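Same chain, two partners: subunit A is paired with subunit B first, then with subunit C.
So, the complex of A and B:
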């Protein structure tokens, strides 16, 4: 391999690829970034932890095509500290895995790794392929990922359900204590499908998708899904497992409804949870909501003190009290772009639904806390 | 600043027996389990200690050392009753009491009143309850404890921070609370034999050699201890273990015992209205090697079934070879059980189990613990019948 490229392009690509590279791994080659230079004047950089992978392609002047595998952390730090000039990357003529990085003033030799150890990204085995507007994806993922567990494990409750039924894209997530649902009509009908994608991969996708582009191409295979736009390629393993029958748990109708300003409620709850946030696990962030003429929020902790907040609301239906995890409510309120929301209650021990007043393609439901 | 008292009832169980049976006074008394069933010494009178008998020693060994001893079974309900009376005396002197065990407590009293209060407490316990009590007085828990060790038996001693170099430093390093045989050996290797040797090293050296534990020891050796009294005796863990009268080799039988222990522990958790976040399994092999394995669970629980499932998993994964001498189940990470976050799934099952456990606990309270068990527990009993 022998090529030249510019430092800013290479560094920006490395930053993206690093999102998928684990700092430590029982498979040492996974802590490296894979480089592939082709005759077409392209340099692809790839990182993966086998669950999730990112590949970015940049333009380069390629003298000799080839590939290399370089420890990612050291390589990235070196490139970051080089000036924004043209760089030459080249295999050492003496052979072996040594990569030479040079500028007019610097010459660096890095010990690379054996490229045959590196896994291949599953790029071409898709069963369906289609396009989705990027802004739709970004909006949907941001709104529902709050309800998914965020640990880096591939588990149903740390994933987002991706469901296409002919002309709607539904995104659903639940960690069993809350559930978020987003739906939007897509322009062209697409083959129906239902897959589970780790929430972590989709959050990275939102972060990496270029907002200046309109659409992203999606390919769904048996065990992988990939997203491709311009020079960015991202893939994720599909989570095996059964997502709960979520339609069954969504309450139909309500007894009591309160319409409030998102910001008012958010600020009141931010204050309320300060009182209880340091309580032991089962009690932390617990607040009480009382709906009568207005919305009354209260919280207390024996060692700290107590608080009461009155939030102006438009209330329909009988009065009601609910104990709930205030942090779950904040998670929703913080991502809501709408100014006004409705809280819909059935009873004290049934899920409360939070939805924007002005639109009906998104809601989040939260299960309350039972006291004894 | 408050003065801290450590009050320790000398050879408590044995003293109660000698008090209630004048014929045992002046004779070696050992209270403990059955020597034939591997019982251990729970308490021994000072007369017995002269023969080398110590608490926690196997009864068989104790009887070899002191064959003429009066041997008595542990009568816990009575000792608890006496202990309550002693604590009632303490409460007349101060509300600030940390109960360490059935026979030991830290008391905080206004600064400067330590010695005087200690004398009065000792007199009251002697006159009203006819029991010997040793008291250590100082400015913190550590020094009070060490003063009490020096005061025993039936004595009173103060060790103030300024006395540390004179009184504490000449003592062997294993007299420092927290220094067991292993640490002692480690310290000896680096030339530390007395508490003074340790105190005269630097904090940095001790931290490098022993980590944060080394720093702690260094501070203790200098008489520095800022631990507050834990006034409401907070439960940190709940555990139950069984030493078998004969070593076991059948894993099925161990599972039955684990189920039994899980029921006991679950019952105690629920009666204290707590839930646990982790479960620890303890196994001792016939050669006394002891293993513990812990697991944290995703959602805090107070259910016998959950505790048993984790204990069983830990046992099956532990691969500790038989024969087994003891198994135990302990739960920790205790949380109040008054709030429960509802879940989209599985609440129906939870509710059902909660109802069942409430009913079972009611039966146990009314008719005794043995009245109802999980089926798997019964395997334990069939085996015994054979």
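So, the complex of A and C:
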């Protein structure tokens, strides 16, 4: 392999690819970045932990096509510290896996690894292929990923359910204590599908997708799903397992509803959580919400003190009290872009639904805490 | 130690590491196979227990801190309630 490219382009690509590279792995080649230079004047950089992978292609002047496998951390650090000039990457003429990185003033020799040890990305095995607007995907993932679990043993609850029923894309996540649902009509009908994608991969996708592009191409295979836009290719393993029948836990209707300003409620809950956070081990950020003429928020901790606040609300239905995990409520309020939200209560022991006033394609429900 | 001796030792260590890696991969595939088998058995067990069990037995199991909902049946639940277990219990109670 022998090529020249610019430092800013290479460093930017390395930053993206590094999102998928584990710092340590029992398989040493996975801690490396894979480089592939082609006759077409392209250099592809790839990183993967086998569950999730990222590949970025940049333009380069390729003199000799070829591939290389270079330890990612040290390679990235070196490129970061080089000036923004053109640089040359080439295999050492003496043979072996040594890669020379040179600019006008510096020459670095890095020991590479055997490229035959590197896994191939599952690029061409899709059963279904379609396009989806990037902003729709980014919005949906951002809104539902707050409810995906992080500590559960069951992988299903670390994932986001990706469900297409001909003309709607539904995204659903739950950690069994709360559930978030997002739906949006897609322009062109797509073959129905239901898969589970790790929330980590989708969160990385949101971070890496270029906002200036309109659409991302998605391919779904038997065990992998990939996302492709321009020079970026990201794939993820599909999680095996059965997502629970989530429709069954969504309360139908409400008895009491409170319409509040998102920011007012968020600020009050932030303060209430500060009081309870010292007692998190036993009390899970317990806060009390009383709905009557307004929304009354209170929290207390024996060693710290207590708090009580009124948040102006438009209330319909009978008064109601609910004990809830304030941290879960905050997670929802922080991602809501809308100014006003509705809190819908059936009873004080049934999940509360939080949804925007102005639209009905997203909601999050939270299970209350039972006082024993 | 001479350079040749050092290289020989390193090659030996490398070979051992390759063997260890092979073992790790073997363990990994065994863990995956066991996990799949566990999932299959859990599904069978869930179906059998749920069919035959009294609601009170499931309520007791739930109160003792275990999931009784099909996706997580018999796994430890912790102190927080589970949406799916509660929904399942409610349906059974009707």
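FYI, the second predicted complex is superposed on the first by the 364 of 372 C-alpha atoms of A that agree within 3 Å, B and C clash if a C-alpha of one lies under 4 Å from a C-alpha of the other, contacts with A are read in each partner's own complex, and residues count from 1 in each chain.
One rule holds for everything that comes next: a contact is a pair of C-beta atoms (placed from the backbone, for glycine too) under 8 Å apart; a residue touches a chain by one contact, two chains touch by 3 or more.
Quick caveat: nothing in here was measured; it's all calculated off a predicted structure.
Asker: Mind checking subunit B and subunit C on superposed subunit A, clash or fit?
Answerer: The answer is clash.
Asker: Could you look at A:177 and tell me whether it touches subunit B, subunit C, both or neither (first, second, both, neither)?
Answerer: Touch status of A:177: both partners.
Asker: Is A:26 touching the first partner subunit B, the second partner subunit C, both, or neither of them?
Answerer: second
Asker: Go through the superposed model and pick first if A:286 touches only subunit B, second if only subunit C, both, or neither.
Answerer: first
Asker: For A:156, select first, second, both or neither according to whether it touches subunit B, subunit C, the two together, or no partner.
Answerer: So A:156 only meets subunit C here.
Asker: With both complexes overlaid on chain A, does A:323 touch subunit B (first), subunit C (second), both or neither?
Answerer: In the superposed model, A:323 contacts subunit B only, not subunit C.
Asker: Quick one: is A:241 in contact with subunit B, with subunit C, with both, or with neither? Answer first, second, both or neither.
Answerer: The second partner, subunit C, only.
Asker: Should A:371 be classified as contacting the first partner (subunit B), the second (subunit C), both, or neither?
Answerer: First partner only.
Asker: Go through the superposed model and pick first if A:359 touches only subunit B, second if only subunit C, both, or neither.
Answerer: So A:359 meets neither subunit B nor subunit C here.
Asker: Taking 20-28, 38-46 or 56-64 from subunit C, which overlaps subunit B after aligning chain A?
Answerer: Stretch flagged for C-alpha clashes with subunit B: 56-64.
Asker: Quick check on the output: what are the common subunit A residues between the subunit B footprint and the subunit C footprint?
Answerer: Touching subunit B in the first complex and subunit C in the second, residues 174, 176-177, 179, 244, 249, 325, 367, 369-370 of subunit A appear in both lists.
Asker: Along subunit A, where are the residues that touch subunit B in the complex?
Answerer: Residue positions touching the partner: 174, 176-177, 179, 244, 246, 249, 280-283, 286, 323, 325, 349, 367-372.
Asker: Which stretch or stretches of subunit B touch subunit A in the complex?
Answerer: 275, 277, 300, 335-346
Asker: Can you list the subunit C residues touching subunit A in their complex?
Answerer: 21, 24, 36, 39, 67, 69-72, 75, 79-87, 91
Asker: Mind pulling up the subunit A residues that touch subunit C in the complex?
Answerer: Subunit A reaches subunit C through residues 26-27, 153-154, 156, 174, 176-179, 240-245, 248-249, 284, 325, 351, 365, 367, 369-370.
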